[in-house]
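In order of appearance the chains are A, B, C, D, E and F, and numbering begins at 1 in each one.
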Amino acid sequence: MPMIDLDGVQLEVDEDGFIENPDEWSEKLAAAIAKTEEVEELSEDHWKIVNYLRDYYKKFGIAPMIRKLCKETGYDLKTIYEMFPSGPAKGACKIAGLPKPTGCV
Amino acid sequence: MPMIDLDGVQLEVDEDGFIENPDEWSEKLAAAIAKTEEVEELSEDHWKIVNYLRDYYKKFGIAPMIRKLCKETGYDLKTIYEMFPSGPAKGACKIAGLPKPTGCV
Amino acid sequence: MTRTDFGPPNYKEMLPPVIKENYGKWKYHERVKPGVLLHVGESGDELYTVRVGSGRLVSTDWIRDICGIAEKFCGGHLRFTSRHNLEFLVSEKEKLEPLIAHLKEEGYAVGGTGHSISNPVHTQGWIHCHTPATDASGIVKAVMDDLFEYFTDWKMPAHCRVSLACCLNMCGAVHCSDIAILGIHRKPPTIDHDIVRSKCEIPNVIAACPTGAIRPDPKAKSLTVTDEKCMYCGNCYTMCPGMPVADPVGDGISIWVGGKISSARTPPKFSRLAIPFLPNNPPRWPEVTDAVRNILETWASHANKHERMGEWIERVGWERFFSLTGIPFSVQLIDDFTLASDTYRSTPAFKW
Amino acid sequence: MTRTDFGPPNYKEMLPPVIKENYGKWKYHERVKPGVLLHVGESGDELYTVRVGSGRLVSTDWIRDICGIAEKFCGGHLRFTSRHNLEFLVSEKEKLEPLIAHLKEEGYAVGGTGHSISNPVHTQGWIHCHTPATDASGIVKAVMDDLFEYFTDWKMPAHCRVSLACCLNMCGAVHCSDIAILGIHRKPPTIDHDIVRSKCEIPNVIAACPTGAIRPDPKAKSLTVTDEKCMYCGNCYTMCPGMPVADPVGDGISIWVGGKISSARTPPKFSRLAIPFLPNNPPRWPEVTDAVRNILETWASHANKHERMGEWIERVGWERFFSLTGIPFSVQLIDDFTLASDTYRSTPAFKW
Amino acid sequence: MTEDSKTPLLDQLEEGPWPSFVTEMKRAGEKNEMAKDLLHQLEKSYKNKIGYWKHGGIVGVRGYGGGVIGRYTELPEEFPAIAEFHTFRVNHPSGWFYTTDKLRQLCDVWDKHGSGLTNMHGATGDIILLGAPTDALQPCFDDLAEIDFDLGGSGSDMRTPSCCVGPGRCEFACVDTLDLLHDITNEFQDELHRPMFPYKSKIKISGCANDCVASVARSDFSVIGTWRDEIRMDPDEVANYADGNMDIQAEVVDLCPTGCIKWEAETKTLTIDNGECNRCMHCINLMPKALRPGKDQGATILVGGKAPIVHGALMAWVIVPFMKMEPPYDDFKDFIRTAWEWWDENGKMRERIGELINRLGMRAFLKAMDLPPVPQMISAPRANPYYFWDPEEVK
Amino acid sequence: MTEDSKTPLLDQLEEGPWPSFVTEMKRAGEKNEMAKDLLHQLEKSYKNKIGYWKHGGIVGVRGYGGGVIGRYTELPEEFPAIAEFHTFRVNHPSGWFYTTDKLRQLCDVWDKHGSGLTNMHGATGDIILLGAPTDALQPCFDDLAEIDFDLGGSGSDMRTPSCCVGPGRCEFACVDTLDLLHDITNEFQDELHRPMFPYKSKIKISGCANDCVASVARSDFSVIGTWRDEIRMDPDEVANYADGNMDIQAEVVDLCPTGCIKWEAETKTLTIDNGECNRCMHCINLMPKALRPGKDQGATILVGGKAPIVHGALMAWVIVPFMKMEPPYDDFKDFIRTAWEWWDENGKMRERIGELINRLGMRAFLKAMDLPPVPQMISAPRANPYYFWDPEEVK
């Protein structure tokens, strides 16, 4: 089972690097995952998106559709890719500790 | 507006003799309506059906389908017509104070 | 105690002798002329039928009149057809022409056989129903006055069945007619909540709505209608007097074409919407009579022999139906109900 | 920084000179012989195309091999077709026969043009997908080995397109093929609630079920499947790894017939179910190859010239399709999904 | 006539060659107040483009749950004679054959109790006696019973079945439509008179695929006569048609849907490949003297036809491709009973049997009817891959 | 060969005349461990009749949201070389034309980073590079970019569009399919590479109604070339076909779906009533030397085709009967953008545009597209009476 190192603690992730146990998510963990997705530092802008994703997921049990994400966070898709080079699904959702999206983000 | 006489009190009914205000229904009223439907006396058997209709209506907001009525009261349709010569819809439901059935009884 | 359950009169007692004798042993028939059929039995017996148009809404005196005629010419026997025409059954050939002459004299309409239009099957309308969007008998009268020549003559390439129903319940079963005239509402129900509360089985009303436009309103012990989802079918009103849909401005007529019933050549077909709305314009509904005549004559002049309306349209294509009749194509014609996608065109092969 | 969004190679740089010169100015074509087309430009230029069957799943070495051939005979140009065949583009007539000879020598399959079967469009199967009910390449290989004579020769009355998809997602777009081979599951998903809980977007999974068989189970933070409502489409698994449907016993093949794409003569048609289940029997799936051959040959021997599978079936009727092929009619063939009622027969006019 | 001036709109419908219902209403109105008020209310509808009948009404006669349609005007003050104006549905004799005696008796009863207006006939087939007050219902029915006219159906019962003229006057009939109709109407009196189903249920019987009672479109159970053997042919009569003004190639052969007829003009020989004939009736219709249905006759039974409420109109579907139809018609009666039983057990309120089949699937219906699936039931197999397996089968 | 004995089942697929993918796998396996493990895992699937790939996988390259399909074996211990085995979808050049140089470059890149196995091509049209480990993805893409191969689509984006050979080698082409494809692929790079829609969206372009890329069945936007004027005819060549072995009456005239062709065998004259022709291509297909599409060319645009998930397969529907198709194709691009906008705004998760049109109704879609309803959009008008009115219209 692949692992990710969080301050020396090893947490289980799946092959794609998504955390296995959503309850383990923490802001620190997010930062650690971010590094694997070429996001060196989680800026306020990054957090805005990560938090939006988490809130949305908590509320609806799914990740939002891209159009919604852009509309509601105010970032266009280009900017989101600049912030998360691996994109909203692989990058942002992973960092936000969401399940691997099968839908659209 | 047509009226029905209940111990001297006049209650509103529609042209078909269904009571206008369902809240006015009472056992006495039922007996009065019964007379208009050629049911001279409401026997225990009659009441079983009338009560079944009322209970069902209270629970589901509609009159039961005939098959259900027969199954659950144990009377076959022939017997019901013997008891209520004008039939379950025009006779029994009217006596039970239900709204005029548009469905099936 | 009243007798019950004794059933209809026995047809055997109603049959004229020639039929009794040739029952099930008819050999062939001929179409003698419009309105007149000849059936010949294996025995060689002949039976002439003279078909007479009927307004269907008739008085007992009219019935007595025709009884008189039947007694004079047909041994006291007659029948009605499945399209409500009257048929005089003549077993003595020599009485045929006198009967026809008598009928014409008395103003009866002889016709309706073979390649003619027959009596439009129709319904109650304002005469006796509670949900009509139009009248029935009046439009039929206006249309048949206009198309009378097609009833009394063989001027069409094939059968053409015109039917009318005054609301979407379609008691006229217009849904498989060559030309159907259908009353439609165009406004959602106006709700009388008091009536709904005291007189309606709310769950049944909700279930009655084909588009799910009705929702319960438990607080008001009533219900609400989402107007945008309502297509005015009136089924809620059927279930509940508190939801009338009729309206002098909203109500009117739609025209449907291309249905058929018989399996001759092609399977039965549903009628399809050609004109979504024409106004109610009593007493003679000129927009309707014009539309029906236009469709009928366009078909009659373009179709091949024995080609029913729907067969013709399928051969030339609906795009050609609209260009030839000059009927404008409107968005209502495009289906959006359950089987809609089957009616969309999935090919670039169409006509301009 | 990596370059992005530069798009595919420009086709213009890929075209052989003869095409550049005659681009958009081709005048006509001829079918020289099976596998060989001739296109003639308005300029008079000729272009021969030699079509070669491909297994589609190929190694880089194979690509290099064909590059070698194209360099020798075609000035270093080649193309693939929309059905994954390989085409050598020969602008010098004298190289045509040597090319063909070379191809045959090397064991390449020349054919697939005109009234022959072409390469079956197909999918990943057990090679690379997570939802297959069968393999793809293996069945295609077995079927084409069996039908090879129909690839290299013109023995059929018209086109016949065989396609394969290994699950209901139908990546092979088999839904409009003359003969479609489709992998199906036959068991409802087995649910791993731990996975569902931690890895699945439950609302999306519920919405993914075409028949509404899935309900939330809020207590377990998971979901339940009503097995009787499940028709094993696997869409829930697509959405959620906790709901696999694959099963060695349940999985197998269904056969569909009569679809088409082109609008020639008739509009495109959907393929329709002929055989609801055949077992997975690797490596050569004999039940499947037999079934395909039977259908193909029954059609080929009964259809008129230019009559595709679906056109033939519509002409003779499905009842005749079943009696001629000897395929038993099973209840699964009767539709019960959304548009079902359109497929029921509403006429007593059918064949015994 | 001062009377006339009150109905200026309707008066216009007394002109023209087609028989005028307005004239009929006036004739009845001359001796009957109800008919007169009806005329005037109708004039008002014509003026205001709206009807004036109240919703519904439940009235009836003793012992029956159906057969009378209750109706009250919204304007009882203006039109008191039609304050109550209920219609009887009177069960017609098979094939709508009458003796004039019988009709005269009917007229007398109706003049006595009702408006004097009728529909000959209603769309379902009944004699419609149009308008009587509540009090007149039972006496009127009693008098009808006296002359042997029973009521038809209404409400959630079996509706009055009907049939084409069949063997009474048609050489095409492959079923004794009149007899079958009479027999089942009597068999199912209880179902006809005492609503017991989820909704209405209609049976119509046509002697051949011309379907002259439109059964396929408007009955839950459509019975259509057909045959299994070969079309009978009289070659001489074929030749006669050809000698007449019929273009056999164009009118018959080219229009045969299965392409199974050949015509040799020179020898005047018609050949039918009966194995490929689908018995559509077209050739027989055109040459009744020369061609006749085969001798091994029976009926195809189709189920589920209906008007559009609630889910769109349905045409009936082939369920039994062929059933012999001979008295006492036990197979057919069993079939109907089994189907009703399944429907009654599973149907929702106001769900016709066709809708139920659609909802639960043909598979469930065939299973309940214990019928094997055959290709004759469908025009094409399914195009979607969403089908079910019995877990027993998957082993 | 000891190697062989490990794959007894697959070995059987090396026999027979059709090219063997097993042979290809073995060839690749000779130099590549991934290919070898893949072969062995497949053998295991053949034995056990089940696949061994795990569910899904989200991997990719920098800056793109699609283009790589993640895949992991369930049996990494048994088949370690394919523990990670992701595929690239590489955007093919219009019409799948290649120079051998280009292909050789591609092979070299793929041998360097991946399994050495490919699909030429995938069902959508991409070059499928079959299997590379996660770490190899970015370097491989970098090398691909070096030789000008960009990625195609995957996920909820515009998928790699494709087209028929068109003017490249077909005299029937009424649209410059190759150019249009190249143009829009470049135009919509963002939509191709960065999933942003409710679900996938496919565009396919065929030069004529033969639809050689099967666009009508498998694309959300199907562009099919056609014409508005008259079929061009060369009467001499018609006569030549007749002199050859073509039975023009039987093969052409009788099969014309509109019956608009006449053939006089004696004078060898073919007449087409172009007004009634529906441009099905049949006659042109049969006599390409004699008949050609008209000169006023453009395309019909159909919308909504797709495979069966979730509500059953759809074929695309005519939305624009005719659109001129000339560079810079602005009308077409606007059309696509407007449609995407409407879909993106209204679509549910995983709802294709055809399903959305079905759900909201064609009326809503046409309104959003600002298109007038025309009969060319339908094969038949509605048969149900359930239609809507704008309250504005009812006055």
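Heads up, the rule we're going with is that a contact is a pair of C-beta atoms (placed from the backbone, for glycine too) under 8 Å apart; a residue touches a chain by one contact, two chains touch by 3 or more.
This structure is a prediction, so every number in the text was calculated from the model and none was measured.
Using the contact threshold fixed earlier, the set of chains in contact with both subunit B and subunit D is C, E.
Put simply, subunit A has to spin 180° for its C-alpha atoms to lie on subunit B, with the angle rounded to a multiple of 5. Annotation: the subunit E:subunit F pair of sequence copies touches via predominantly the same residues, more than half of the used numbers being shared. Remark: among chain pairs B-C and B-E, B-E carries the greater number of C-beta contacts. Chain centres were defined as the mean of their Cα atoms; on that basis the chain farthest from subunit D turns out to be B.
Centre-to-centre separation between subunit A and subunit F, using Cα means, comes to 33 Å. Inter-chain spacing, taken between the CA centroids of subunit C and subunit F, is 48 Å. If you average the Cα atoms of subunit C and of subunit E, the two centres end up 12 Å apart.
Counting partners per residue, subunit D has 168, 170, 175, 204, 210, 233, 238, 263, 267-268, 270, 337-339, 341, 345-349 as the residues that reach two or more other chains.
In subunit B, the residues that touch at least two other chains are 62, 100-103. Residue positions 54, 56, 62-64, 190, 209, 216, 257, 280-281, 308, 312-313, 315, 349-350, 379, 383-386 of subunit F are each in touch with at least two other chains.
This structure has the following touching chain pairs: A-D, A-F, B-C, B-E, C-D, C-E, C-F, D-E, D-F, E-F. For subunit B in complex with subunit C, the residues that touch the partner chain are 20-22, 60-63, 99-103. Chain contact summary for the complex, subunit D toward subunit C: residues 263, 267-268, 338-339, 341-342, 345-349. Those residues of subunit D that touch subunit F in the shared complex are 2-11, 13-15, 19, 23-30, 39, 47, 49, 53-64, 67-68, 70-71, 76-82, 84, 86, 89, 108-109, 121-123, 125-130, 132, 135, 137-138, 140-142, 144-145, 148, 151, 168-173, 175-176, 204, 207-210, 233, 235, 237-238, 241, 244, 246-248, 251, 259, 261-268, 270, 280, 282-284, 305-306, 337-339. Of all residues in subunit B, those touching subunit E in their complex are 15-16, 18, 38, 62, 65-67, 70, 77-78, 81, 85-90, 94, 100-104.
Within the complex formed with subunit D, the residues of subunit E that make contact are 209, 216, 224, 226, 228, 257-259, 275-281, 300, 302, 304-305, 314-318, 321, 354, 358, 361-363, 366, 373-389, 391, 393-395.
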